[in-house]
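Across the two complexes that follow, subunit A remains constant while its partner is subunit B and subsequently subunit C.
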Partner chain A sequence: MKKYLAVFRIRFINALQYRAAAAAGVATQFAWGFLEIFAFSAFYRANPNAFPMEFSHTVSYIWLQQAFLALFMMWFWESDVTEAIEGGAIAYELIRPMDLYKRWFAQSCANRSARALLRCAPILLIAFIVPKPYRMGLPPSLPQFTMFVISSALSLGVVVATSMLAYVSIFYTLSSTGIRSVFTTIVGFLAGEYIPIPFFPPSIRAIAELLPFAAMQNMPLRIYSGNIAGRDALWGLAFQVFWLSLLIVLGRLAMNRALKRVVVQGG
Partner chain B sequence: MRLYMKFFSMHMKSQMQYKLSFFLTMIGQFLVSFAILLSLYFMMSRFNVVMGFTYEQVLLCFASVLMGYSLAEMLGRGFDLFPRMLGNGEFDRALVRPRSVITQVLASKMDFTRLGRILQAAFVFIYAVPKSGVIWTRDKILTLFLMVICGSLVFFGLFIVYAAFSFFTVEGLEFMNILTDGGREFGRYPYAIYGEGILKFLTYFVPLALFQYYPLLYLLDIEKSKLYMFTPLLSLIFLLPAYAFFQYGVRKYKSTGS
Partner chain C sequence: MIKLENINKTFRVAKRQGGFARAVKALFSREYEIIHALNNVSFTINDGEMVGYIGPNGAGKSTTIKIMCGILTPDNGICEIDGRTPWLERVAHVQHIGVVFGQRSQLWWDVPVVDSFELIKDIYKVDSSLYQTNLDELTELLDLSELLKTPTRSLSLGQRMRCEIAASLLHSPKILFLDEPTIGLDAVSKIAVRQFIKKINAERKTTVILTTHDMQDIEALTERILLIGKGKILLDGNLAELKKHSSERKTLIVEYTGKAPTISEGMTVSEAKDGRLIIVLDPTQLSVSEAISQLAAQSDLIDVSVTGVSSEEMVAALYEEYSI
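Coming up: the complex of A and B.
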């Protein structure tokens, strides 16, 4: 366990160095969040009754999504990992006395949380002071906030475990072009990256809420504002734990199978 | 021009060598904008109208912006990769050749995988044009063409601005994304739904609304004045400062060395 924590720490500190890029990113994400909220507000004015969440809940959802973009978005791709598989550097990885799955898992978590940490503070700060309908609210209660924190961590785990499955598939296809955009788009859509899951038509929503993708950003971002509260939120956490463990088991199995027949290209 | 066509067919042929990879990337491109289309459909089927625009009318915005952007990106990809060209010294070679720099950057890269998006925009047009409730006269067909072509030129202008910025800084170009990628993604709705302030900005500073929102009003007979038909042409003024900025960058350019 200690060595994986060390991997986490090294990667985390390393990713914290990119401050200028983060500053530019913050400006973009802030503008992006505002435009999303303006669009939702136009729909809200068109027909408040058809709005499936409270408007303030939607506002919190968007701001948190922008603030913790790096934590939850599927399209952050660990190019170190994919390049190792495509380029053959995987050979070096395999002779290290470390479990590859755990190592890559720790590395992805570190990169994502460092990026999120760098970017979230200014966005949240502004989100809390902009004028009223667009301002982000506080969580309704302390237990609710605690559940949000736990759910965020679980959600990060589910996102990373899912992308591990995608990385493993590169062992078979040997090229990440195509897979990346197809995979990240479909998973991202079902996770509620484009519009929150409650905005899906009822029948599709019912299915989407059972899939592992609903255990990603959908949970923490809705628990924060109290859109999912109390007992439902606890069920949500259980739902996340269930998918997280299943995805990790599947991911490890798939990886072991892939590693048995791995062919390193080149000499 | 003949030289450019030569490069055009050269890039086309070279990309066709890797057919599977080409089509996979193309499908990926198609899917990315399809997800946006799907979310638009979900929203519109729930709310029916937004600011008085129906689903099919909003689709006209979506398709014209998507097509304009993808055309610009397909042919102007060289400007997107321009920072790399500066970094590896390729630009120095361009400077000493007896052709204009812009032509050379244009010819340096074309990306035909964007056809995936262009195709999608075409499908959406086929669906939305008859259903949008627009009475299609010759003027209105011309307006729609102007929306797409001028849109493409303005996005192209933004790519030039992006490239010009990279003369001065390599870090932090990410903020341009809100205008390019953001312009495309948020252009799925009429720009007016984002409120007065945003609309003003997109009219007077970065004239994205001039080829999308105002001509749409003309198409839908909300504004009958011919002026609205020709607003896309007005947006082309943006190309002047974009070009000037790029030239300024070229003059200030100091090579990074070998």
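Coming up: the complex of A and C.
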């Protein structure tokens, strides 16, 4: 376990170096967050009862999403991993006495959390001081907040486990471009990156809520505001644990198969 | 001990002619070519040996190294290293080997070198006191003290290579694989790296397997040479045996004043300039001393130098001989 923590640590430190990128990211996320909130507020003004989520819940959803973007977004790709497969640096990872799946998992989690840590504070700070109704609310209770924290960790796990399947496919396709755009669009949409899942048409929503993508940001962001609360939230956590375990099992199987036919690119 | 028996490895490579029409056609049906990267490769290397593994580009050197490191799985054949099959027991196997791929880096780009070293310490579960001893020793031998606190991205290639080699030895491996460790280095760095490798082999009894294109590496370092071409082991012997395969001819470079000497049987002029002759001598027809006395009798010699065939020429001749 210690070696994986060590990988986590160095990836975390490495990612903390990019301060300018983080500052640029923060600026983008602000702009995007305000844009989304203004758009939604226009819709709500037209008819507040026509929407499946309270406006305050939606506002919290968007601010949290922007603050913790690096944790939850599917398009956030672990380029160290994809480049290792595409460019052949994987040779150096395979000569370490480590399980490659666990290593990449630790590495991805580290990169995402380091970046989230760098970016979240200024966004949350502003989100808590802008005037109502655009201000982000506090969670309804402490247990609800605790569930939000657990759910965020699980969500990060599900996102990383899903990307791991995408990475394995690069062993076969030798290029991350295709799989990346497919993942970014489809998984991103079904995870609620563009609009929260409750806003989907009922029939699509019914299916989307069963898919592993609903175990990503959908859960923590809605649990925070109390949109999913109490027993439902506990069920939500169980749903996340289920998909996380299944995705890890699938990912490991796929990776073991791929490693048997690994070709190190570029000599 | 390292034992390879009849290792075969093929790769399937997509092929197509250049051009737009062919590219479009390749979208629908692809032609593949099977490349036999390794063809019944067998050899044995004992503990503590230092072996130079040479061959032209694409001969299969790196493929063999990668199989021995457990990275690639061969199509068939036996490979046993200290009783383990690398690709079946990869994690247990790699604990005891060190690898340097000259063309890649194992150091983290944006953090100081010492952070990468600490990571390696944790990954290999190196005991703290052993780590400190190794680090001190490597720091001294490779002159790293100034480099350890520098981020990898700020190092020159020679500095980085010294750090890479140190990184591969922190866990006291029994076997060290060096895949082109001197590639792109300047003369001073090359000499430093060679001396270091020699020392490690002599003092720690580390088995060293080295691939290189630099014949000076081979001359300076290895007793034993494995020559591979087109996936086959062509020669397994020492430098002297390798030399037997090439001609005995000598090159004489003569500088003189006055009139040019006439050249007798057994010598051929390969280059003639004012006051300077380059002569190729076949010692079976004319001995070196005889040739020099003949020349000296005719002209006033300022300087004479005699050289044998260089290793580079030798290997080039061997490549030609085996048509690889």
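One rule holds in what follows: the second predicted complex is superposed on the first by the 266 of 267 C-alpha atoms of A that agree within 3 Å, B and C clash if a C-alpha of one lies under 4 Å from a C-alpha of the other, contacts with A are read in each partner's own complex, and residues count from 1 in each chain.
Going forward, contacts are C-beta pairs under 8 Å (C-beta built on N, C-alpha and C of every residue); 3 or more make two chains touch, one makes a residue touch a chain.
These numbers come from a predicted model, not from an experiment.
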{"item": "Residues of subunit A touched, compared between subunit B and subunit C (which is higher)", "value": "B"}
{"item": "First (subunit B), second (subunit C), both or neither touched by A:194", "value": "first"}
{"item": "Touching partner for A:138 - first (subunit B), second (subunit C), both, neither", "value": "neither"}
{"item": "Which of subunit B and subunit C A:178 touches, first, second, both or neither", "value": "first"}
{"item": "Which of subunit B and subunit C A:238 touches, first, second, both or neither", "value": "neither"}
{"item": "First (subunit B), second (subunit C), both or neither touched by A:42", "value": "first"}
{"item": "Contacts of A:253 with subunit B and subunit C, given as first, second, both or neither", "value": "neither"}
{"item": "Contact footprint of subunit C on subunit A as seen in their complex", "value": "2-3, 5-7, 9-10, 13-14, 17, 88-92, 94-99, 260-264, 266-267"}
{"item": "Footprint of subunit A on subunit B - complex, ascending", "value": "21, 24-25, 27-29, 31-32, 34-36, 38-39, 42-43, 45-51, 171-175, 177-178, 182, 186, 189, 193-195, 198"}
{"item": "Complex contact set, residues of subunit A against subunit B", "value": "20-21, 23-25, 27-28, 31-32, 35, 38-39, 42-43, 46-47, 50, 52, 175, 177-182, 185-186, 188-189, 194-195, 199-201, 204"}
{"item": "Residues of subunit C defined as touching subunit A within the complex", "value": "11, 62, 66, 69-73, 90-92, 94-95, 97, 99, 101, 103-106, 108-111, 115-116, 118-119, 122-125"}
